[in-house]
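I'd like to ask some things about the structure below.
Order as written gives the chain letters A, B, C and D; numbering starts at 1 within each chain.
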């Protein structure tokens, strides 16, 4: 399945784009997405261990499976306020 | 010595005046002032056990002696804020 | 800065006063006149103070807060006289490089003000009776006729 | 009420919004842009967010605060885009019948907002270098030329 991962802040800066399109097996987890992202966008490798991911606007653990069509986002440590 | 005691809030209301003039012995304490006030203004007797006194704008304990000319005030429990 | 005032408290001016390029956090507390105390309805409130001592105590509170916390600025204003429902009777505004200090100082200032500063409020209930508020002291209501004889 | 806005935060309007005849206490927190971080001087800040999720998280925070404390009203506003020194990046305004609840809820809201809401700030230092702020993640400064290639 195709998964589009939105990027923000330093992740967007390092990747040089707002989003990355990945092809993942059906039933892939956040953990697999993390590995695939590190392989395809090496500039992100250093920060990926420190970021969270969100699925449909909720924080998602590494073992969360991604449904086809879900909105996925890479969430570096937040600094609002 | 003559001591003028300023009254506020319910104490002023009960006494029907802003201040009371007392004659106290030199070196009188707040405790003596409390007794003298209760004797001279019986309307205050019920509240006097619950009020504080201030000498020159500072809270004063019962054993504090009153200097001639000091500014003395009766301070019922406060309710500002 | 401390002030006792008969005029409405200008909270925007206070916020502007304490805001600073050195501060990352501003905390403002406003005490406002509530309409209901349990099931009793308030018509309005009157505040009076012992002016010399109230000013002195407020200045002491400001000084103590500045010693205890790293504050950029601190302003305390108490209103006096007649207040209608919803109006602010007191404002405490503090700024600090860090929010923890601003919250702690703001809370300590209003808590301590309510314990030590010689200011008193008189309730006028919806039925016209009045009552000085003295925590720990049962004063009971006074009817309007009795009350009109004193200021 | 929650809001994300590109315009300056109107703290007077927020205070007016949460003030109520049912509330005796209003607490307003403002996070403002500091000029100095240690000895480094900030020129300005830029805030960006993940809009759908930031709105959802802010609404969850408001709901949770209303469940945990007896609040009369609650408003949270976060600014986005370019902020100059001294401007407010965030405002939390809560009202309650009692001040303890107002202070606790205000503090919890800003503490939790800073942990969970997907908003990020980028420092532009006085020397023109920029740096995304990610607590726990050393990102390092980017020089102006590199930086101009991305939005």
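The definition used in the following text is that a residue touches a chain if its C-beta (ideal position, glycine included) is under 8 Å from a C-beta of that chain, and two chains touch if they have at least 3 such contacts.
Since the structure is predicted, the reported quantities are computational estimates derived from the model, not experimental observations.
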- Query: What chains do chain B and chain D have as common neighbours?
  - Reply: C
- So what's the Cα centroid distance for chain C and chain D, whole Å? 27
- Centre to centre, by mean C-alpha position, how many angstrom separate chain A and chain C? 51
- Query: Counting in whole Å, what is the centre-to-centre distance of chain A and chain D, each centre being its mean C-alpha position?
  - Reply: 25
- Calculate how many whole Å lie between the centre of chain A and the centre of chain B, each centre taken as the average of the chain's C-alpha atoms. 73
- Query: On chain C, where are the residues touching two or more other chains?
  - Reply: 31, 110
- Query: Where does chain B touch two or more other chains at once, residue-wise?
  - Reply: none
- Pairs of chains in contact (touch as defined earlier), listed by label: A-D, B-C, C-D
- Item | Footprint of chain C on chain B - complex, ascending | 6, 8-10, 12-13, 16, 47, 50, 54, 57-59, 71, 73, 75-81
- Residue ranges of chain C in contact with chain D within the complex: 11-12, 15, 19-36, 85-86, 88, 95, 97, 99, 102-103, 106-107, 110
- Query: Which of the residues in chain C come into contact with chain B in the complex?
  - Reply: 31, 47-50, 52-54, 56-57, 78, 89-90, 110, 113-122, 132-137, 139, 142, 147, 149-150
